[in-house]
Every structure is written in structure tokens, then in C-alpha cells.
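When the chains are written out, they are named A, B, C and D in that same order, and each has its own residue count from 1.
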Amino acid sequence: MTQTTRAPLENADGAHIREWLRRFQHVRRASEKLCAPLETEDYMVQSMADVSPPKWHLAHVSWFFEAFILAPWLKDYQTPDPAYDFLFNSYYETHGKPFPRHLRGTISRPTVAQVYQFRAHIDREMERLLSAPPPEHLDEIIDRLEIGLHHEQQHQELLVMDIKHILSCNPLHPIYRNDIRQQLLAHADQAALPDAPRWHRYAAGVRQIGVDYPTEPAFDHDGEGFVFDSETPRHRQYVAEFELADRPVTNAEFLKFIEDGGYTRTELWLSDGWHLMHQTGWQAPEYWEKVDGRWHTMSLGGLVPVDLNAPVCHVSFYEADAYARWAGARLPTEAEWETAAVDQPLAGHFVEDELLQPQAPSRRQGQDKNQAPQQLYGDVWEWTGSAFLPYPGFTPLEGSLGEYNGKFMSGQMVLRGGCCATPGNHIRASYRNFFPPQARWAFSGIRLARDV
Amino acid sequence: MTQTTRAPLENADGAHIREWLRRFQHVRRASEKLCAPLETEDYMVQSMADVSPPKWHLAHVSWFFEAFILAPWLKDYQTPDPAYDFLFNSYYETHGKPFPRHLRGTISRPTVAQVYQFRAHIDREMERLLSAPPPEHLDEIIDRLEIGLHHEQQHQELLVMDIKHILSCNPLHPIYRNDIRQQLLAHADQAALPDAPRWHRYAAGVRQIGVDYPTEPAFDHDGEGFVFDSETPRHRQYVAEFELADRPVTNAEFLKFIEDGGYTRTELWLSDGWHLMHQTGWQAPEYWEKVDGRWHTMSLGGLVPVDLNAPVCHVSFYEADAYARWAGARLPTEAEWETAAVDQPLAGHFVEDELLQPQAPSRRQGQDKNQAPQQLYGDVWEWTGSAFLPYPGFTPLEGSLGEYNGKFMSGQMVLRGGCCATPGNHIRASYRNFFPPQARWAFSGIRLARDV
Amino acid sequence: MTQTTRAPLENADGAHIREWLRRFQHVRRASEKLCAPLETEDYMVQSMADVSPPKWHLAHVSWFFEAFILAPWLKDYQTPDPAYDFLFNSYYETHGKPFPRHLRGTISRPTVAQVYQFRAHIDREMERLLSAPPPEHLDEIIDRLEIGLHHEQQHQELLVMDIKHILSCNPLHPIYRNDIRQQLLAHADQAALPDAPRWHRYAAGVRQIGVDYPTEPAFDHDGEGFVFDSETPRHRQYVAEFELADRPVTNAEFLKFIEDGGYTRTELWLSDGWHLMHQTGWQAPEYWEKVDGRWHTMSLGGLVPVDLNAPVCHVSFYEADAYARWAGARLPTEAEWETAAVDQPLAGHFVEDELLQPQAPSRRQGQDKNQAPQQLYGDVWEWTGSAFLPYPGFTPLEGSLGEYNGKFMSGQMVLRGGCCATPGNHIRASYRNFFPPQARWAFSGIRLARDV
Amino acid sequence: MTQTTRAPLENADGAHIREWLRRFQHVRRASEKLCAPLETEDYMVQSMADVSPPKWHLAHVSWFFEAFILAPWLKDYQTPDPAYDFLFNSYYETHGKPFPRHLRGTISRPTVAQVYQFRAHIDREMERLLSAPPPEHLDEIIDRLEIGLHHEQQHQELLVMDIKHILSCNPLHPIYRNDIRQQLLAHADQAALPDAPRWHRYAAGVRQIGVDYPTEPAFDHDGEGFVFDSETPRHRQYVAEFELADRPVTNAEFLKFIEDGGYTRTELWLSDGWHLMHQTGWQAPEYWEKVDGRWHTMSLGGLVPVDLNAPVCHVSFYEADAYARWAGARLPTEAEWETAAVDQPLAGHFVEDELLQPQAPSRRQGQDKNQAPQQLYGDVWEWTGSAFLPYPGFTPLEGSLGEYNGKFMSGQMVLRGGCCATPGNHIRASYRNFFPPQARWAFSGIRLARDV
């Protein structure tokens, strides 16, 4: 994402910049809307090392604009507190030593109110900058603004995941939003649909995978055209003939795996997963809990019965992989997934649906036999069998932003397609999410593939 | 503390009971006053496993009255939430499985406001009970009320310790109360007084140590007469001739130990302490921090210069023991300490002083050569060389309250005398506090003794 | 143990020194005899952090003579390898940085044969020194020789404990000596004797506890007169009236505790013990194993049925304490134990019996109602309720030997009386052994006491 | 590796089987030869969790033949001890619960001598089986024998790695073979050759990677034709144009990285590696040690000066990756590596050289400008940037042997080319070794690649 790869912005008129400002405000409001149902106390909790307190998320995404845009380019910019640069730096070691991650929950000051003041301060100052941007840095300001907005959207999804985990740790089973509860109770399927997944076949061949950095800034459409460093460059991969299931694995199907002793059969498991499972005592997906003989799950509407026809969610890579082996299939590679997804419309159940829970497809009406795979986007992030590694020709961004994705290319698996907590304009066929194989608190599910 | 050891309460008239109610209200208000300077966010933090969130303290001491008085003896008592009985049980395993201690900081609900409502609920219901107590249980109600009040006072001191730790973990060095800061800055001594400690000699002999449960309930004096199970029974101990320093070790003296390589000389240290010190990297008492070449310490008024003439505080037993060895002395046993303290007036710098920091004695006026040891009460808990073990003839209380102290009689050392965070009517010569030898977040200091 | 407390040795004639040499040789041979049944491989194992490989024990006790006697006082003394001074230093930090304890099992060189050569070397050089000792250091040489011999005897007992643990970790259940197996199988009681323990009462009063360093060197009797630093000085303690059981708790009695849910009843346990027990899964003493519905125990004769009338062994302090509470009694203090033991003859089942397993007393013949408590010495070390702390007036030895016991006076409990693995001349009424409360691999058992 | 993929063996005449027997004996002797310089004590050590005691290796590879060949197909086969099936099972959970890996060093029995007897027993019984193999199982016997021999060769390499680690933990710096020491001291380069690596370019295109199971058993050539499950099947991959360095990174080059602050520059490191490096304190490759200002390294000839022109060895994936970034290059993918290697002769410095240390190439004579990359085989395993994942179409073996490689396809990186401890006939272009990214005790080095 160097300037040289883009057409110059000299022609960026005020209308364009106002459009960016509008998007900025829109994204900023979305973060706050997600936190609106929280009590002050909820903002403070770090329920496990992977989780960050919501307060920290809100401050950190603001710090990003301060550290990478306002501090370098807004004349006379003043921070509310120089310590924020230490407290809210996540992992940009080239920018300065970050505050230890596992202690984020111990920082009660700044308070939630002060963090909202920090947000308002950043908003005002960004407005001030964009009202009269220094022309010689406009390109870079817009570049970083764009990253900053996508960064904040990433954290919106993390906010949902983390809030769910925070509330789930509480034996009171607190409810985040009551309307979610009403909807989930009204629609949970108590009987599994009988249909097996159907398979779509894809021919062998050299495929174009990934994308290049756009050469034009993405001024006038909603996020379209933006890509993270890790999705670049567009490159060739040979993909052998394969088949992909038309939908994610459902809760009903995963229950069969459980009942068939899936968690007790060593031959189904990767060695690391087998040992981890014994240490942790996993017997079902995260958040599942048997109440009076029936499986329930913690949702953002509290504890509700498991919807048998919804995609299974909150499974680790190890469970996804074991399930696939049990089913006589395997997980798709990320190239296979992208091959199937690249032609599909970017539609699905996203955060804007406000259910924050994977949903059953509307399959009762009967399936069109020729239709494409369903639910590739939204509902659940789909584990792939691919490790998160650099694409051939990958070059990280320069400076601190070069730490964005590249430094995590070790020990993680790729997930694709977004989920019920992803902003709808924050996903695309080439988007590479990643988590360590043991992670279960993301909205992660399973889609099967198989060799022909 | 069985009923049989006390005179019957038939003669307890309404005035007596109103007096108990007044004390109840007084203690309850004191807890809330300590928390008044806190932000909602501060109430949530568990900055290490030993620390509990202030919110938890406030709820737990209320639960104690619910579990041990209201639930058994108030007709039609209703809890605001049955889950509180699980969430706010600290360690009474015979009462039910307690919520895991290290996760207390992850529980955002009930909120702080709800915890204050719980407190108000308990207050009202206790008032209701005491307005018409069931005569046949009056004895036991008063017994447990008395324990409950002393229990809450114990937690008041823990609240101060924990709040200090919580704020100290924050790189912003938040200030709990600004008036404390003003006083500390005004009075910190920058020069050490020249006087060495003087020694008081005590003759050898069989001493009476500890106390018996009082045979009369302690109706009309402020807490006097109450004792914890661990202080009983009164018993004989032979105490050889010894000498006790007239005051605690000062910061100036401890600095000399540091500058003499105290933390690097293996021959001064117990083996466990030596290894722990290397793991933790201790180089000075907890909360000390060098700023521009001068030692500062975190206080409840923020970071302030170390007062050279104040008692050293926040040292572990291992450091206290190493210091004593360096000084050619030793720590007193608890029997020695009690021998010296039993005749001294119960005066000192307690929580009511509102400084929450150990103070230098007013020694500038010159010492009376015949005076007794100073500062035995208040300022700093004084580590003794005695392990926390049952006294000869010790019998724990019956039922869940039998878990009060006896189950912790393993792996802990006794400290005596109270500190600047102790309620003034919550200390006595026989009071046995205890902490594991590595603890440093209590207001713990050093007084020397030596053989003759 | 400074020279000044002893009469000068000018009158030590050659006969005396030859007597010391004889004792030296005797003790040295005893260590080797204990290792005779081992395979070379057994010498190498560190089966847990507390255990040392037998090879290390054999070398370490030799190093003690090198470091503290030969190096300082034998002219032209040459070590076989200077690295031994690092490898075989246990914890004498003032002597030099010791090799990390938990890695002792990773050191394959020097080999077992080389360690035996080192032993022979030390033996020869000690002989050379004692054949012409420098008169001006004779006192100190004899002092340290005496400590060195008792030190080696301590390690002989550790050798037995550690060898037992090493072999017990092996699923093959290896047998150390087959004659032990034969005896154990021949004599194990399958039926419990019906007799309850009888209680001996001791009057209240000030007792003399501990001993002083002898003022005469202990030339002509077998170890008698020697004391460790921690047993000194002799001092007064007030001991209230108490009763002591006439014998240790038996396996049959401990089985009743197990069957009565002893390991599941929280009210019987110290808090630390309760949590440790849940972590470790203890359900019975160390080495117990149910085979075909019957309790067996690993012994140095392999796996054998539990002898119901033998003293229970390999229990932690926590289990001893919980058992006592269950039985309506308590553990004795070390002063009580010493009060009872000081008048008893130093007889019992020691290492010289070569059974290395606690034995049932010969009680079938009927008990003499007036007889003293039995089995105070030998069979099992008896947990006391006393923490291992310095006696009033305790002064450690000077120099590195000052690290002998004093630095461990934290976090340990005292055990008294020796066991089936103790050399018979290495025990006395004042002997204070100590282990952390969780230790179970020592031959540790239970004797009850109670208040009157 | 099912029978159906191979031509039937009916035509396998006795000569063929005698050839297999000869190879069996040859491989078996090689293991023992590697252990010949060891002391009995060395056989016992597990110097870290990843290391297995040499005794265990020798027994485990023998158990493999017992469990998978003799027990199923040799009539009347008797094991020397049924417990071996538990003790020497490494991780075949479908075969039975394996003995805990981290406790392998605690098992002193069977002794080393007994393990050699077990080996002799297996040898005799294999001879008995192969002298009259049941014709109906001959195919499968030969299949498993072949795997068993390659399995034992893998363990030969592990033996060298583990022996090196075991001896290196000993402060005495024991020497495995003195002739190695002589050679290393004679040939270590003290001055670095000036030449930079040269780059070989490879055209873009779809490549055939991996191999299929052979359809003919590999009777008459030395190991040729055998492949592990993870190398199959042969499949297409698109490989973009790339360049590969003509030789591994040398010690001299890695020293420049160190001296340039390579271990202190966060921007060079993957996040996991950066944090691990700080925890472990890595400042140089494993086994490096500065003596009198000069870097030495532990070798199987003891501590010797680092040979500046030899390939750097004993670096983790993280260090290899950081080095490559520092050098403006990257690690090759395994497909790139295989593309370059597939045409090269299988020559190099292998275990048969008996130096067990990577060697400088003979480059002093000047390089042929047209020559191919050097040292692809032997000297050091070369870290690739590829995670160890199944190839498209991968199918594990059936039964317990299906656990061979597939279950480890998580969390590991691929290394290629064999090393100075690899048997020369145990390597091929398609061979995929794997280690977790933090491993340093393997003979692992670095070869650079770069985009064009």
C-alpha cells in the first residue's frame, strides 16, 4: 500500500473528502452502538487472556487514528494524556513498548466516560484535519484513514465476541439485548431438517487467488476496493478438482458426531487437539450447556436452546478437523474456498441483522438443485485447512503499519467468509481471517470439502 | 463461641438491641465511606489473585449476614438473587461450593449499583430482624452479628490494601484522595532522624497468652470483648528474657539495608525467600520506585517521596527476617509481642486518621527514656517469627463459622498490632493477623527483638 | 558449634582419632551397602523434583568432606575434577552457586563408576588427613567430620526414600531386595487387631526442650552427644496437660477414615490441604494401589498387600491433620512429643532391621497396661503440629555450615522419632526432622494427642 | 500403502526376502553403532521433554517390529515382558495408551542390558519370521518391515540429536567421540570466505510435487522407492518464478546478523518468535557459547570453535525467518525447494561421514558459475516457509500406522534435505521433515530464497 501504486489524488475534491468523513463517522458510531447495551462494569472485564475489555477496544481503535494520523499530520495536535500512547497500543512494538496484554483488565482509569471523551476528542480532531488536510500528505492520510476504519470494524467484531465471552462467564447468564432473546426463542428449530448437504464440484486448474492493492483510492463506494496486506498480491495457484458442501455443518449434524463418540475416538483427532481436548475437558462446542437433558447455548440473548438447523458455531479448528474426518470429508483449503466464493454475491447474515447468532438458512421452501453454495458469507467464519502464511510475493507495509498482519503469520489457521458479527461491508472473497487452532470464542464453524 | 460459654441473654432489653443496630449501621457506613472515592471501574478490578474487586468485598460482607443470620432466622426472608449465595461466598465450603476466587474480577453483574442495592436490602432486613428478634435465637443472632461486624471490619482493611494495589498497577498513578496527597507531601521527612532504636527488656516467666471467649456478650462497649476463635483460649506460655525495640524499623534504616547489599547477600535470607526474591526481582519494598534518583512510593495519595522516618511498610516476611538478621537481631515471637503490648493503651494511627499511610512518630520532641515501646498499635502490622497455628486447647466454632480461621492454620505467619488501615476498635493485644510469608501488599512492617 | 563451647582437644590421642576413622569408614560403607541392590540405571533417576538420583547422593556426601575438610586442611589436596564442587554442592550458596536441583537427573557424567572412584578418593584422603592431622585445626576437623558423618546418615535415609520413589514410578514394580518381599508377604496382617489406642497422660508444667551443644567432643560413643544446630539451645517451654496415644495410627484405622469419606469431607481439612488434594487426586496414602479389590502398597520388596496392623505411612501433614480431626484428636506439638520421648529407650525398627517398611508392634501378646508409649522411635516419622522454627536463642553455625538447617525454617513442619530407614544411632529425643506439609514420599505417619 | 496399489508379491522368491533380512540387520546394527560410545548412564537421560533417553529409542524401534509385525504374524511369538507394549509405545493411541512421554527418563528398568537383550530377541524372531513367512501376509509383512526400517532410521537421527543435547547439558562438556574432536579442531575455519551466495533462478509453472506410493515393492535397491504417507500423493502446484541461494547461510553470515542487532530488532521477527526469544533469552544459535571472546559451539566432539564457513545450525524457524528478513530475502516454500532439489544427485554430508557436524563446502577451489545449488542434501535440515499440512488428496494409512504422520499436521513447519545425522539412504527430494517452529536441537539451518 505504497503511494506509488495508486493514481495521484490531486483530483480529490472536497466532496470526496466529505465522503470519507461521513464514512469515518458512520464506523465510529457503529462501535458505540455495539456497546450501548453494556453496563459500565461490563466494559472492564478481561474474562480470559485473549479477550480485551470493551473499554480497551474503544480506546485502542481511537489511539490508532491518533498515533498514525493525528500525531504525524495534524498541526498542534494535543493528546488528552500521553500515557494513552502506551496503554492503548496493542502490539506495535516499532511504535513503542505496548502495555502487557494480559493486564488490560486491571486498568480502571481512564474510566469509561473518559474513554468516550477520548473518542469524542479524536472525532473532533479528525474532523479538523479532514476539513483542511495538508495536500502533500493527503494520499497517505486517506490511505491510513481507510486502514483505520477497517481496523475499527475488525474490532467491532472482536467486541461482539468478547462481550459474549464476558457475559457467558457470569453464572447469572446476563442478557445483552432482550430482543435477541425473543427472536432466538421464537425461531429455534427443535427438529432437524432431514436433508444431507449437497456437493458442488469445481474443475481443476490454475486459479487467481488474492488481490492486488487497488491503484485508485476507493472514494465513492462503501469500503469496496480496500484490502489488507495479507490478501495481496494476486497470484496463481493450481487447485485440483474438488467438491464443496452447499452449506455449513449444522448443530444437528454436530450433535450426531458427539453422540457417535466423536470426542472419544482418538483416530479422528490431530495429536495436538486430542491432548488439548483432554486438558480442557471439551465435550461440546464452547457455550453449550445441557439443561434438563437438552442442549442449550449461551447467546447474546442469554441461554437459549440450540437451534438444530443453524450452523454449528464456536468450535476450534481441532474439532472442525475431527468432525470432517468423522464425516469422511475434509476442510477446504483457502484457495478452494475462494474459488467457490469469488462469484457469489456478498450477501448473508451480518452484524446489521442484529441477531449476533448464526441462523438456519431458509431451506424449508425446498432447494434449487442448481443453486450455488449457500451462506459462504456471514453466519460463521469457516475454518480452512490452510495455515496463515504469506502469499507468494507478499510485501508488508512500511513502518509500524507493517506489523499489521505479517507478524502473526505463524501458528494460526485461516478462516473465511465473515460471520454474524462482521460488518457487511467488511468482508470479501479474498478476506483472510486467522485464529490459533484452539480458539473457540470466535464465531467459527465448519464447511466440508472433499476430493473427487 | 458456643452459647454455653456465655451468660444467657434473657436480660437483653430493647436498648441493648438498639445499641447493636447502631453499631451495625456504623460499620456498614464505614465500608461505603472507604469506597466513596472510587470510580465504578475501580470496583471491578482484581489486579492479582490475592486481591478482590471492591465490589466483591462490599457484596461478600453483606452475604455473610444473609447466609448466617437472615436466611436461617428472618421469617420470609427473600434474597434479591439466589446466585449471590454462590457468587459471594468466599470459602465456606460447608455452606456450598464457592465461586472460584481468581475469577472474581470477571463478574460484571450484579453491577456496582446493584451491589449497593443488595447492601441496602440487607440493611433493611437486618433492621427488620433486630426490631423483633426471635427470642429463642437471640443469643446466636447477636453472636453472629458480632462476628459479622468484625468480619466486615476485616474486609475494610482488605479494601484499603486492595484499592491501593489496584490503583498502583495503573501507570497513570491515580490518586485515591487528594487530601492524602497534600498531607503526605507536606510532612514527608527528607532527612533521617539520627536516633537508634532503644531496647525494652522483659523478664523471663510463664505468661498468659491469648484470651477466652467472653462469658458476657459485649453489649455496651464498642467491640470490646469480642475475640476471634484463633485468639482463644487463654493459655500459659513460657517466655524467656528478651528485648524489644521501642519502635518499628524506619524507611531510613531499611534503605541502609538495601545500600549494604541486603538483597544480594545470601547468608541473610531464608532459602524460600532467596529463591522467591530472584524470581520476582524484588530490590526494595513493594510500591517503591526510583524517580530521578530518589525513592518514591505509591500511596493512596499517588506517588510520593518516601518518608525516611516513617516505618518501612509493604515488606514480605522474608525481607523482614533478612533485615533482622542483617541488624543482628530477630523478629519477635507473637508471645513476646503480646507480652509487651498487653499493657499498652490501644492508641495509634488507624483508619480513622484517614491518611492510610504509616506515619513517623512525633519523636522530634525527644524521647522519654522510660517510656514504653511506641507504635505497637497502628501504622504497620508487625511480622512475628511465629507461624499461625492453633493455640493449645483451640476449638473451632461449630458449623460453617468453624471455617473462620482454623482452616488457614498452615503456611502463614502471624502479624500483630494493626495498621493505618485498621479500624481503631478492631484491634487488641491478642489479635492475630496472618499472611503467607511472601505477601507484600498488606501494610506490613518490622519490629526487632533480641535475646538477652 | 563454635570451638569455645567445647573443651580443647589437646588431649585427643591417637586412639581417639583412630576411633573417628573407624566410624567414618563404618558410615561410608553403610551408604554403599544401601546402593548395592541397584542397577547402574537406577542411580540416574530423578523421579520428581524432590528426589535426587542415588548417584548424586553418593557424590554429594563425599563432596561435603572435600569442601569442608579436605580442601581447607589437607595439604596438597587435589580434587579429581574441579567441576564436582559445582555439580555436587546441594544448596550452600555461600560456598558457590549450586547446580540446579531439578536437573540432577540429567547429568550422566561422572558415571556411577567414577562416583565410586570419587568416594574411594575421599576415603583415602580422609585417611591420610586423619593419620596426621594438623594439631591447630584438629578441633574443627573433628567437629566437621562429626557433622559430615551425620550428614551422610541423613542422606542414607533420603537414599531409601528416593530409591523407593524411583522404583515405584516404574510400572514394572521392580523389587529392590527379594528377601524384603519374602518377609513382608509372610508377615502382613490381613485382619486388624481390635484394640483402640490407649492414652498416656502428662502433667502440665515448664519443660526443658532441646539440647545444648555438648562441651566435650563425643569421642567414644556411637554418635551420642552429637546434635544439629536446630536442636539447640536447651530452653524452657510451658506444656499444658495432654494425652498421647500409645502407638501410631495403623493402616486399619486409616482405612476406616477413607471408608468414612475422609477424603471428601471439607470440614476435616486445612484449606491448603483440601485444594491440594483436589489437584493431586489423593484418595489414599502414597504408594497405595487397589489390586483385585484389596489395598496393596509399593514397598522395597515390590507391591505387597497392606499390613493392617502396621503404622500408616506416606501420608502428608494435611492427611495426618485431617485424620486427627476425624478421630476427635489432634497432632502433638513437638514439645509434647519430646516430653513423652525423652525418657524412653532409643529402641525401635530402624534401617538395621533391613525391612525398610514400618512394622506392626508385637501386641498380640497383650499390652502391659502401665507400659509407656510404643514405637516412638523408628517405623514412621511422626508429624507434629509444630512448624519448623528456630528455638529461642538459636544461633546458626558460622560460615557455610550455617546454612545447615536455619535457612529452611520457613514453610515446613516438624516430624519426630525416626523411621524404618533411619540409622539407629542417628536418632534422639531432640532430633527435629522437617518436611513441607505436602510431602508424602518420606516414611511419615501419625500419632494422636489430645487435650485433657 | 494398501496392497492394492502394489503388484502382488507371489513372485517374491527367497532371494528377495534374504535381501530384506540383510537390510534389516544392517539398519539394526547402525542404531547400535551410534550408541557404542555411550556410557550406561548416558542411555538414561531425558534432558528436556522433547528428548528421549537413548535406551528408550533402542527399545521403541524394536517394539515397533513386535507390535506391528511379530505379534500379529509370527506364530507363538512371546514378548519378553508384556509391559514393554506400554512402556515403548510412543504415541499410537489406537494401539493402546502410551506411557507418558515426559517420564521416559524415570524408567530405570528394563536396564540397558535388558534392552539390548530385547533387541536381540526381536532380531532372532524377525529372522525366524522371515525364514518362513506366511505367504498370505507376505505383502503386508514386507510393507511394514520397510516402514519399520525407515522408522528406525528416523530414530537414528533423533538419537544423534538427543545424545548431543544430553551431553551438552553437562557442565563437564563430555566428548562423544574423540576422533570427531580431532577433525573439528583441525578443520574449523577461523576466517570467513568472502563470497556472497549466488542465486539460481527457476521459471514459473505448474510443477509436480510429492510422490505416489510405489506400485512395485522396493526389493532390490537400498531404500529407494520407499516414501512416507505424508509425501503422497504426487500432485500439481503452481510455483511462481523464484531464486534460490546456492548454499546454506554460514556461521560467518549469521554472526553478522547477531552483530547487527538481529536479536534486538522487533521488525525482523514474527510476533511469536519475538516473545519466545525474550522468554528464553536466545542471543545466538543453540549450543553456542562465548569462550574468551570467541564463539564456540558444543559438538559431538565437545566444545569447539565455531567454523565460520560451515552452515549455521541449531536455529529455530523464528531465527531462520528473522535472518531471512534481515537479509532482504525469505525462506523457500517446500515446493520451491523440491523443484530445485529434484534434479540434484543425492549426495552430501550424511551420518556415514561420522562427523555429525555440518561442514563447510569445498569452495576454496572456486565455484563453477553454472553449477547447481550445493549442499541441498545433508549438513543441515533447511527450514522452509511451509507449514506441515496434508497434500491435496492425502490419505493416511489404515489402522495404527495411520497415526504415522497425519496426526502431527498441526503447528509444525517443514524442513527439507536431511542433515549430517541422516542416513544417506534415508533422504530424497520429496522427504518432508517437520518440527515446531521453536525447536533448535535438530540440525536445522537456513537457505534463502527470493522473489524475482
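We adopt the following convention: a residue touches a chain if its C-beta (ideal position, glycine included) is under 8 Å from a C-beta of that chain, and two chains touch if they have at least 3 such contacts.
Because the structure is predicted, anything quoted here is derived from the model rather than measured.
> Using the average of all C-alpha atoms in each chain as its centre, how far is it in Å between chain B and chain C?
It comes to 39 Å between the two C-alpha centres.
> Quick check: how many Å separate the C-alpha centres of chain A and chain B?
Comparing mean C-alpha positions, chain B is 48 Å from chain A.
> Rounded to a whole Å, what is the gap between the Cα centroids of chain A and chain C?
So the centroids are 61 Å from each other.
> Could you pull out the residues of chain A that touch at least 2 other chains?
none
> Select the category (line, ring, star, complete, other) that matches the graph of chains linked by touching.
ring
> Which chains touch which?
A-B, A-D, B-C, C-D
> Sort out for me which residues of chain B touch chain C in the complex.
Listed in rising order, the residues are 91, 93-94, 204, 206, 235-238, 240, 242, 266-267, 269-274, 317-318, 321, 330, 333, 385-387, 389-390, 392-393, 402-403, 407-411, 437, 451.
> Mind pulling up the chain B residues that touch chain A in the complex?
Residues 39-47, 55, 81, 83, 86-87, 99, 103, 105-112, 166-167, 169-172, 174 of chain B touch chain A in their complex.
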